[in-house]
Structure formats: structure tokens, C-alpha cells
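Okay, so chain A shows up in both of these, paired with chain B first and chain C after.
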Partner chain A sequence: MSLRVSELRVYYRTLKGDVKALDDVSFTMRDGEILGLAGESGCGKTTLGKSLIRLDGRMRHVGGTVELDGRELPIGDDRRMNAFRFHEVSLIPQYSMSAMNPTRKIGKMVGELLRSRGVALDRAELESRLELVELPRTVLDNYPIELSGGMKQRMVMVISTLLNPSLLIADEVTSALDVSTQKAVAKALIGFRDAGFVKSMIFVTHDLALTSHIADTVMVMYAGKLAEKAPSAAMVTAPRHPYTRLLINSLPEVGVRHADKKLSGIAGSPPSLLDPPAGCRFRARCPVAGDECAQEPPVAEVEPGHFVACWKA
Partner chain B sequence: MMLQLDNVTKVYKVGAFGGRTFAAVDGVSFDVRSGEVVSLIGESGSGKSTIGKMILGLTPVTAGSITVDGAPVKAAKEYYRHVQGVFQDPFSCYNPVFKADRVFQLIKESYYPQVSAAEWDGRVRSAIEDVRLDPGQVLGRYPHQLSGGQLQRLLIARALLLDIKLLVADEITSMLDASTRIDVLNLLAELKERGLGVLYVTHDLSLGNYLAERTVVLRNGAVVEMGLTDKVFGDPLHPYTRKLLAAVPRLNAPWEDAAPTDACRYHAGGASGALFEAEAGHFVACARLDGCPP
Partner chain C sequence: MRQYFGRKLLVYGLTFFVAVTINWMVPRFMPGDPVSSMVARAGVSNPGAVETMRAYYTGLFGFDQPLWKQYANFWGALLQGDFGISIWVFPTPVSEVIMGAVPYTLGLMVPSVLLSWVVGNWAGALAARRRLLDNTVLPVGYVLTAMPYMWLAVLLAWGLGVVAGVFPVAGGYSFSLQPSLSWEFVADLLHHWVLPFLSLFLVALGGWAIGMRNMIIYELESDYSTYLSALGAPQRLIRRYAFRNAVLPQITGLALQLGVLVAGALVTEIVFSYPGLGSLILKAIQNQDFFLLQGTFMFIVLGVLIANFIIDIVYVVVDPRTRAGMAGAQA
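For the complex of A and B:
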């Protein structure tokens, strides 16, 4: 078991009270697994990604544990966490455009970054990885501004994984890219896993179609809780949670036309996480909600590897 | 024939002192008829937003002409009575210190000062109902109290209060969640049925395909393929269109490897960079492609 997250709760402190962005989330990841984390804005997917590497000033670790390769990550302790960052857990941020130092040539910046972690730069290794993501060696002598968005994204990917971290968190890495660049970046991510540069990966995205191609397992979150977690194929073909079903039905695909098949969205909006309702949080928007939904549904394994938090599933 | 673009070109000055030029849009011609959605598809830097801005008179045309019902674009009040735009980021379209419904009041002040407050209130409510919102839930609220989908639909309601004939929708669903995105798209489809012309600018092929009768695919400022959506997406002729379609991730199908992009089947028919009609209502250009001999 590469990663084990147990009953993790992370709240945002605000003047009005705690926003329960991550409320009792548990899951595990195998070695070599790519976990796709999907959901709408505000469902807690980015919070979960950030919790595993760095809590920002407003976030508070309220409860639960994270275990990576059998060692507990001190996620609430910023200083102790430093030893794990980059070596054990690494992150590809959403806006790689602003992730690199604009005043340094990329090669120099990478050297400085590694020195700050007490590691010497292995130029040959770096160049072989650039080759893997189809970047020319000359990018090391360029300033970040000279690279296109997709190139920068791939460069940041190479930098983030230089120390072969056990867990890589890729937060919406393809959202700002064009479809053809998106595909190249996605394939490169899979290549990194296959080459063993990273042991496992959490791929955070709002695009279910994309994640079903990259990830081995997809986890859908709703309002700070796990709604459904299943192997990618099962998630797409046989979703069990009503939210996942509605979400998949609202996706227009190439070939679907308004005139032939009218898709519909999900009525209503997610609940406020300042004071989330008791019971199932999707209840107010759910077409099949019943009386039992006033009780919080437990996460149940309906089939091997297929977890659903719904009374009706 | 309502919106007509004829050989439209936009050249930006770039470089430290504007010493170099860059053609963001290069000889683009197409039209949008009443009661029709045309989607304008392109990747970053293809010039799709520049075209939208020129139609809205937000930036001047370098060469060529854009006409709406025969009259040229004019950044004037009367023009905006008929042509309106909605943009990508609904959160930055509202002034956060005022209530969101102030956008309706501003329309009344500049276009309908003679309408009585009671009658205006009725019109606002019916426009809000037209965009499938509940007036009670959105009126009197501040922008931060409303969701992105609600704000975006309020902006469409604002355009509906005017006597609009053409709506330029520039990436209006990009910032919305999957569950609300489709509602906004369905709304555009309903507007079309009311006789509006909609130019739907997007980078998302599946959204364009869902909505539009006709599709224009742009690359580097020029049209590479256009025609009926069924034809362009059903039987793409241009290697670039095929490559784009192959790159779209689909839920149930495996990710195709890029369709062969080596040669263009129709190259012999095309003059250098010019669009030619490969079949009725389906235009392709190919000589600009890398890989095609000049």
C-alpha cells in the first residue's frame, strides 16, 4: 500500500467559522496506481491534493492521518513536512506558467533548486528525462518566458519528479492547455509512472473524460466527502452514485448534438461547507433521495475496488 | 444574412516599440444567419477571441469588413442594442461592491429611460425566467452570493433585455462546472430557436459540436475548415481538424492515436492557403499545413 489516508479532516479557518472542505475522507492507493480525483469546484479535490504536501495558512489539520509507504506524514507540521517534500511527495501546480523563476535560465534554476535540497545535479539524468517528454536539451539555456505553455508544463513535470518522489500530485495540470498539448502532457505523466520516476500519482481534474483515460482508479468527491471510488472503466460504464451518474450524463461528447439528444445539468448547487447539512450532502439535488438519506451514508464496497457512499447504490 | 465577415484581417504591432507586426487574424470570411449557432473553434492563439472582439467593436479591423445586416460595426449605443457579447469570466464582469442586478439598471438608464419602474421590473423578471433562473433567488444579491452559472445566465438575461439579434458568446462555459455548463448551452440553443444568431467561440470541440449548426475551425488566424457541423466533425478533411478531434478525450472510447496527418487528400484542389469547396457547404484549406508542399 503506497498511500493510506484515514479519516482526514482539513478545515479552512474563516471569520464566519470553519469551512469543512475535507470532511472524513479515507482511501488507499496501491504502488504504481494513478488515482484520478474528480469533482466540481469546491468539492475539496484541490484541498485534498494540497493537504498531502503543504497546508496553506488558512488550512487547519483537524483530524485523521496520512501514511506514505508505511510512514506517517506530519501534514499538520509545516517544518517536519519539509523533509518529505520533493523527496517523497511532490507537486505539479496548476499554473506552471508562474512556477518557475523568471529571472534565471531554466538549467541554472534547476541546479539551485537541487542544491537547496542538498542534492547534486545529474545533468545526464536530467537530459534523458527531457527527452522523455520531448523537450530539446536547449531549453535548459532558455528563460521560462521563451517556452510555450505546454513546454513549461512539461518542464515543471520534469523538475517536480527529479528526485523520484513516491507520490506525485498533479493539480489540474492540463486545464489551461489546448486539447492536443493536453494529450501530450497526459501521455508524459503516464510515461513517468511507467518509467518508475514516481511510484504513484494523484491526478486532480474536473474533466471526467480525461481522467478516465489517464487514471487507473477514479475518485469522485462531492462537498468535501468521497462520493464514489472505482476503477476507471467501472466508473464510466457502471457508476453507482446518483451524483456520478448525473455528472456523466451531463457531459457532451463529440457526436452528441443538441437537436438529437438534449442533455441536462444537475439542478441546484452544492451546499455551503460552513454549515453542511446533516446526512447525505447530495440529498437536496438527488432525484432518488429518500428518508434514509437524512442519515449519513457510509462508504461501502459494493464490488471489489468499487466504493460508494450512498444508501441507494 | 445577418453577420458577415469578409476577408477580415487583424494585425497587431508587437515587439518593444511595435517594430514587428503579427497577423492574429488573416483573411477570415464567414457568416452567421439569424436563428443559427455557429461555433468558432481554435486553440490558444488562433485568433478566435480577436474575431469576437472585432465583431463587438472592441478592437478595430485592420483590413476587410464586418457587417451586421449590411451596416458596418460601429462602437456606438445603437449598435449594442442589437449586438451583445458575453465573456469567459462572469466573476470579473460584476462590480463586487454593487448588487448583481445593477447590470439591469444600467441597461434601463442608457437604453430605456422612459420605461416605468414597474414595467421594467416585469421585463427584468421575465428575462430572468427566460434564462431559467428564479428571480427571487438572484435579485437583490451580491455577486459573491451567486454561483458562476447564475452570474453567467444573468449576463445573458441582460443581453436579452435589449433588442438583440446577435450574441457573441466567447468561451462562456469555460469557467463553469460540468453540471451547470450544459444548462447554459441549452439556453443558447433556446435563444437560437427564438431567432437569434449566436457566435459561439470555444476551444472545446465537444461543446461546439453539441450546439452548432455550422462550425468554423481556425488555426493561426486563418480558417482551415468550415461547414455544417455534421460534415466538419463527421468527415473532417483537413489533417489539423482530424488531429484535434483525435486529441479530445472521450468517456467510452479509447484515446485514438492522432489520425494520419502526413498528407492532405485534397491538396491538389487547393490554391495556396485558399479555402475551396470540397463538397457542398464544406470548405477546406490546406496549403498552409506543414507537410504539404507549397
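For the complex of A and C:
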């Protein structure tokens, strides 16, 4: 097991009280696995991604543990966590377009960053990785402003994976890109995994269709909890959780004229995480909800590798 | 690069022309007549002599010519480096009067502007995101920057000058001394310099510190800082980047300050009767001295333009984005 997350709880501190953005989430990842993390806005997927590398100022680690390669990550301790960052856990942020210091040449910035982490810059290795994502080596002598959005994205990908981290968190990396670039980025990420630059990867996205192409396993979250986790093929063809089913049904299909068949969404909106309702959190929007749903459904393994948190599954 | 500076120089040339024209116009629109006051100052009662003096002075300063001709003559003289003759201290040339005052103003303003900039930026950068320091630097900064500088000057003059008696409250040097290059005179000069300097320095300091603190916080919250933190980069590196990027707008601010440098101390100089350009402007206005006023304004315009040009060059050196912009202009 590369990553083991057990009963992780991370809350946001607000003036009205704690927002339970991540409430009792447990899952594991194999070595070499790419986990697609999907769900609608506010389901806790970005919070989960951030929790594994750096909690921001408002986030509080309430409970649960994260174990990476058999060692526990001190995610609540910003200082101790530093030793793991970049070396063991790394991040491709949502904001790749502005992730690099605008007033430093990229090559110089990378060198300074590495030196500050006690690593000497291996120029040849860096250049070979640039080649892998089809960036000319001259970008190292450019300022970020001189690169296009797609180039910046790839540059950040190279920087983040330079120290061969065990776990890479790719947070909404394709959200700001057009479809053809999305595919190139997805390919590059798989290439990084296959080349052994990263052992395992969490691919956070709201794009379920893209996720199923990249990821080996897809995990769908709802309102701070795990809804369903399954191999991507099973997730697309045989989803068990009613939420996942609705989510997949709301995707447009190729070849279907939507003038004839209206796209169906999911009625209602997710519950407030400030004071979530007892029982299944999807109950209010669920078409098949019954009386038992007033009890919180446990996460059950319905098939090998297929986990669902639903009484009806 | 050449195109960039060529365009800049053209804009500066135009600005110079317009500003100097306005400088020429402003004193002439002031109510009052300088010649009458000069004649009155002479205290002659014989009407014939008064008439002769009036005719002589009017001819001497060219006031009998039509306005457009006065304007043309003014440019002609200016291009030969002739600023005219002062009315207030007739018949000293204006350039001589100004040159006597410039060292005092520059000696006061250059150290106070530059030092307050350096110290303010340093204090602000240090205070940002450090609770204890921030809680002291910020309120002190607000109080300092909200203080009218002439009021602080009066306060300092009263506290350290009148009550404590540590520093003299008026003049550039003691009246008992003649300007010379002796230790005694230099020490006396410094002694008189401290209070006006301090008043200007302290007021500017607060503004710089607050500005820098806010800029640093902005930079520390920017995406590149967050990314570096996520990769575990030490605070030292992140703060170094933040400082470098935060200082860019401060440089612009400094440029504007350097611009008004020459005139900025006007009220301070009056409070301390400091013999700089500020006092000169006041005297020129009081005495309807067109030429002296023109000359000092001209000096200020030149100061603003030169300061801005220097900052343009500095910006090209420190901000790569300016350079990238120039490359784009060439392509």
C-alpha cells in the first residue's frame, strides 16, 4: 500500500462554526495507482488534496491519520510536514498559470527552490524531463510571462515531479485548459507515472469523463464523505451509488442529439457542511431514498475494489 | 531598447515644454505689479524720478513688450542658460540665487526621502505577517503618516528645540558664523539640519512602512508563494521573492517622491526658516518676483523629469516584464 488514509477529518474554521469539509474519509492506494477524485463543487475533493500536502490557514486537522509508504504524515504540523513536501508528496496546483515567480527566470527559480530543499540541480535530468513534455530547454532562460498557458502548466508539472515524489496531487489541472490540451496533459501525467517519476497520483477533478480515461480507480465524494470508489471501468459501466449514477447520466454522450433527449441534472443542491443532516447526506436529493437512510450508511466493499456507501447498493 | 527610450525622451521633451510655458504664465497672472513695488521700495518721492525709474525697470525686465514677444524672449534667454534677474534681490541673477538655495534643499530632502524609503521598506517587510511586530509597526506607521509634516515640525521644534534646547529651531546655520569649510561650520550646519530632517523623515517613514507591509502580505498570499510553501520551500526564500516583487511599486512611489523633492520641503523650510528653495518660492511670491519664481519652478520641473527618467532606467533593470514588453515592441 502506498497511501492509507484512515478516518480523516478536516474542518474549516469559520465564524459560524466548523465546516466539516472532510468527514471521516478512509481509503487506500496501491503503488502505481492513479486515483481520480471526482464530485461537485464543495464535496471536499480539493480539501482532501490539500490535506495531504499543506493545510491552509483556515483548515484544521481534527482527526484521522494519513500513512504514506508506511510512515505517518504529520499533516496537522506545518513544520514537520515540510520534510515530506516535494520529496515525498508533491502538488500540481490549480493555479499553474501563476504558480511561478514572475520576476525570476524559470531555470534560476528552480535552482533556488532545489537548493533551499538541500538538493543540487541536475541540469541534464531537468532538460530530459522538459523534452518529455515537449518543452524546449530554452524555457529555463525565460520568464514565466514569456510562456503560453499550456507551457506554464507543463513547466509546473516538471518542477513538481522533479524529486520523484511518492505521491503527486494534481488539483484540477485540466480545468482551465481547452480539450486538446487537456488530453496532452493527461497523457503526460500517465507518462510520468509510467516512467516512475511519481509512484502514485491523485487526480482531483470535476470532469468525470476525463477522469475515467486517466485514472485506474475513481473515487466520488459527496458532501465531505466518500460515496463510491471503484475501478474506472466499473464506475462508468456499473455504478452502484445513486449519486454516481445520476452524475454519470448527466454527462452528455457522443452521438446523442440533445434536442431530442434532454440532459438530466440532479435536482437540489448539496447540504450545508456547517451542520450536515444525520444519516445519508444525499438522502434529500436521492430518488430511491428510504427509511433506512436516516441511519448513516457504512462504506461496504460490494465487489473486490468496489466500495459504496449506500444502503440500496 | 532605443525605441523605448526614444519615445520616453520625446514625452519628457513635450512635458518640459508645456510645464515651462505654464511656469512662465502663472506668475504673470498673479495680481499686482512688480515694478511698482520696486519703485515703492526705493522710497523716492520726486514724481519725475519715479517715472524714470518705472520706465527703466519696465524696459529692463521687458514688460513694455507685447506678451508673445516676452514669451519668445524668455525661451531665447532660457536656451542660453539665462534665467533673468531677480526682482527681490535686485540685481542678482536668478541662477545665482537658486544655486545658493539648492544645496540646502537637496541636503535636506535627498537623505530624508531615501532614508525613509529604505528604513520604511525594511520595517514594513519585517513586520508583515509577524504578529508582534505588526501590532507595533502598523499603528505607529498610521500615526506617523497621518501627521501633517509641518505640524510634526512645529512639535519637534517646540519639544527638542524650545523645551529641551538640544537643537536650534531656525536657520541653516548660526548667524554668528560665516559659511566656510571649517569643522566648526559643518558641525553647526548638521546641528541645524537635524530637526527639519527628522520631521520629514518620520512622516514619510510611516507611509513607506505601511505600503510595504501591505504589499508583502499581498505577495505572500499570491499563487507563487502558496506553491513554494506547498513544495516546502523555507520562509526565507518565499520572503525574498515577495520582497523583490513588492518593492517594484515602491520604486514608482519613490520616483514620485524624488520628483517633488525640490519643492516638497516648502512648509518645513518655512517652519525652520531653512534657506532652501521652499523659502525662496515664498519670498518670490511675496515680492512679485516673476523671474525667481519661474526659475525655481523650472528647477522643480527639471527635478521631476530627471527623477522619472532615472526610475525608468531602474525599472528596466529590476523588472523583467518591462524588458519583455520592449522585446515585444520590437517584434
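Here is the rule we use: the second predicted complex is superposed on the first by the 312 of 313 C-alpha atoms of A that agree within 3 Å, B and C clash if a C-alpha of one lies under 4 Å from a C-alpha of the other, contacts with A are read in each partner's own complex, and residues count from 1 in each chain.
The rule we apply is simple: a residue touches a chain if its C-beta (ideal position, glycine included) is under 8 Å from a C-beta of that chain, and two chains touch if they have at least 3 such contacts.
Given the structure is predicted, the values throughout are model-derived calculations rather than measurements.
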{"item": "Contacts of A:Ser116 with chain B and chain C, given as first, second, both or neither", "value": "second"}
{"item": "First (chain B), second (chain C), both or neither touched by A:Tyr143", "value": "second"}
{"item": "Touched partner set for A:Lys183, first chain B, second chain C, both or neither", "value": "first"}
{"item": "Which of chain B and chain C A:Val133 touches, first, second, both or neither", "value": "neither"}
{"item": "Chain B versus chain C as contact partner of A:His206, first or second or both or neither", "value": "first"}
{"item": "Common ground on chain A, meaning residues reached by chain C in one complex and by chain B in the other", "value": "none"}
{"item": "Residues on chain A engaged by chain C in the complex (per definition of touch)", "value": "53-54, 56, 81-87, 90-91, 93, 95, 98-105, 112-113, 116-117, 143, 145-146, 156, 159-160"}
{"item": "Interfacial residue positions of chain B with respect to chain A in the complex", "value": "43-44, 147-149, 177-183, 185-186, 189, 203, 205-207, 209-211, 229, 233, 243-245, 247-252, 254-255, 258"}
{"item": "Residues on chain C engaged by chain A in the complex (per definition of touch)", "value": "222-224, 226-234, 236-237, 241, 244-245, 248, 318-321, 324"}
{"item": "Of chain A, residues touching chain B in the complex", "value": "40-41, 149, 178-183, 186, 206-210, 212-213, 236-237, 246-248, 250-258, 262-266, 269"}
